[in-house]
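Listed next: structures, encoded as structure tokens.
One chain, subunit A, appears in both complexes that follow, with subunit B as partner in the first and subunit C in the second.
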Partner chain A sequence: MAGPTFVADAPDALSHVALESLTAIYHAPSGMTHLLAPPAPQILAALANRPGTAEDVLARIAESFDLETEDAAAAMSARLGELEAAGLVRRA
Partner chain B sequence: MRHRLDLTIGPVSFRIGSAWPQPIAQLAALYAPYPKPAGIADFTVRLEPEKPWRRLVRPSVAIHGDYTLPDAAPLPLAQGLLAAEMGMNLQMALGQKRFLLLHAATVERDGHALLLTGHSGAGKSTLAAMLGEAGWRFLGDEFALLDPVTGLIHPFPRAISLKNQSLALFDSAAPDRLGPVLKGTPKGTIRHLRPPADAIARMAEPARPALILFPRFNRDFEPETRPVGAAETFVRLTQASTNYVALGRPGFDALTRLVTVTPSFAIDYRSGEEAAALIDTLWSNAT
Partner chain C sequence: MRVTMSDKRDELNEAEGLARPSRRVVLALGAAAASTVVTIRPALAQTAGSVLNCEIPVPAPEAAGSHISADGSLVPAGTQGAFPPAPRPITGEEAKALLNGGPTPAGMDAEAAQAYTNYIRRLQSGMSGFTCYASLQMPR
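So, the complex of A and B:
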């Protein structure tokens, strides 16, 4: 069963700066700053202006990211839930 | 207002009005060498009685101005100078839009700035005042003004607020540089010290940040230096800024640039001499 579909803002709505292993993100629509750990920045990039489910995101970032977990889809759904709560992705 | 003083401090100008003569006379003495603003002041501070009769009966100084905090408690008239200083801080904290304000003390050497930031009581003011008497140029003990366009720190050399045990360290300063001893303030005993003459003469000269330190004074700590990563420094400086959120993207850009190019360390120290030695070592590695 496919889960909800999410979408993130276009890349120009965000400023990214790498700070060691983390990424500082300024989200212009909300004026909020976030400090994100991988794979959150990669998820945002995969969903920028391009709606997708947890499975879609996994497929899109698979080349650059290996989610080492037994249930990658459940882990991705959890990350999407966190990014939704932070206001960085929304239901499409 | 019955009594008034106009002041320029670094890139900012203030008009301070008071219902009583004493705070203005004390301010005028403390800030005697500071220039007058060329035009209209950026910020207004008003020291007024809470109720009209409180100008004469148990006089009580409420801090008003362009920006006010509704729950700020009034101070007794004996602490009127502190009220003026708090009023200037408040206008900056709430109204400054041109610079990213970091709650930090700053000193300069060879065109490079050292930022000392951290919690209240960590010893920032005392360290900056000590360094300012020992070959560094004092830029400020309260706010570092980071220009989002140039990345430079602009001096804001207000009177230094010495607290409690620190007062004794500056007993030998020229008497005209010292304000009255203010006892029983919300932060204990306070005495203001006018910055050294070169800090005032060169207050229009900004400096490029070279080192960020988080000092911690504690007699029980062994002296220690610990590198602080860019992400931790970034988070701590967003918390140390009064207007980071208000500035939006320029604030984000300025702060991320600062933390990515500027080395940052936490230092624990037990005395001023110990801190000066730690700072010397870190400074020579950073510049």
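So, the complex of A and C:
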């Protein structure tokens, strides 16, 4: 079951500042600033210049991290939904 | 005692070694109901899109039925020289154009639109449409 494909803006549209465990991201196209907690920055990185479905994102992140979750699909869907609501990702 | 602790450490190391052969960073995806994104929105610094899509009712719903005099004040219906309420709310984009001396919104009389513009200029905090008007004043 292939869900929607998500797209993130090119990395140069964003300015990142690491604040200990949080990441502040300034999104130039909208002029808005967002504070992200893990795993949101990792999801954005996984989508940077590489659109993908929730499954793709899970697979890409799993290449670098051990995922800790009870229901990976539901959690990833929720995280992508948040990023979409913030305007940091959109559906292709 | 010492033996026990060292045994325990060995067990832990072994368990860790088995579970995470590459000793990678654990990333919690969080619960579905958790929140990992907080967006900072300064009160009036909204995006261009939302500013231009907001609407200003002329007059405000609480003053429905009032007419608008040329200087923008609200007067009873039938007052000489006053204009009837705008047929529809004026959008932020239209208001911005009007305030800059731009074109009259489609379907509106030019003189009435001038009265509506004066009404918009007189909007104060707490009145319907004020937030929309105020956001038009913000530099982008």
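By our rule, the second predicted complex is superposed on the first by the 92 of 92 C-alpha atoms of A that agree within 3 Å, B and C clash if a C-alpha of one lies under 4 Å from a C-alpha of the other, contacts with A are read in each partner's own complex, and residues count from 1 in each chain.
Following the convention adopted for this analysis, a residue touches a chain if its C-beta (ideal position, glycine included) is under 8 Å from a C-beta of that chain, and two chains touch if they have at least 3 such contacts.
Predicted, not measured: the structure shown is a model, and the values here were computed from it.
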Under the stated touch criterion, which partner chain does A:65 make contact with: subunit B (first), subunit C (second), both, or neither? second
Please indicate which partner A:31 is in contact with in the superposed arrangement: first for subunit B, second for subunit C, both, or neither. both
Larger contact residue set on subunit A - subunit B or subunit C: C
Under the stated touch criterion, which partner chain does A:17 make contact with: subunit B (first), subunit C (second), both, or neither? first
Determine, under the contact definition given at the top, whether A:77 touches first (subunit B), second (subunit C), both, or neither. second
Touch test for A:49: subunit B only (first), subunit C only (second), both, or neither? neither
Do subunit B and subunit C land on any of the same subunit A residues, and which? 31, 33, 35
In their shared complex, subunit A is touched by residues of subunit B numbered 229-231, 234-235, 238, 244-245, 248-249, 252-253, 256, 259-260
Where on subunit A is subunit C touching in the complex? 30-40, 42, 61, 64-72, 74-79, 82-83, 85-88
Enumerate the contact residues on subunit C facing subunit A in the complex. 20, 24-41, 45, 47, 140
For subunit A, which residues count as touching subunit B in their complex? 15, 17, 19-22, 24, 26, 28, 31, 33, 35
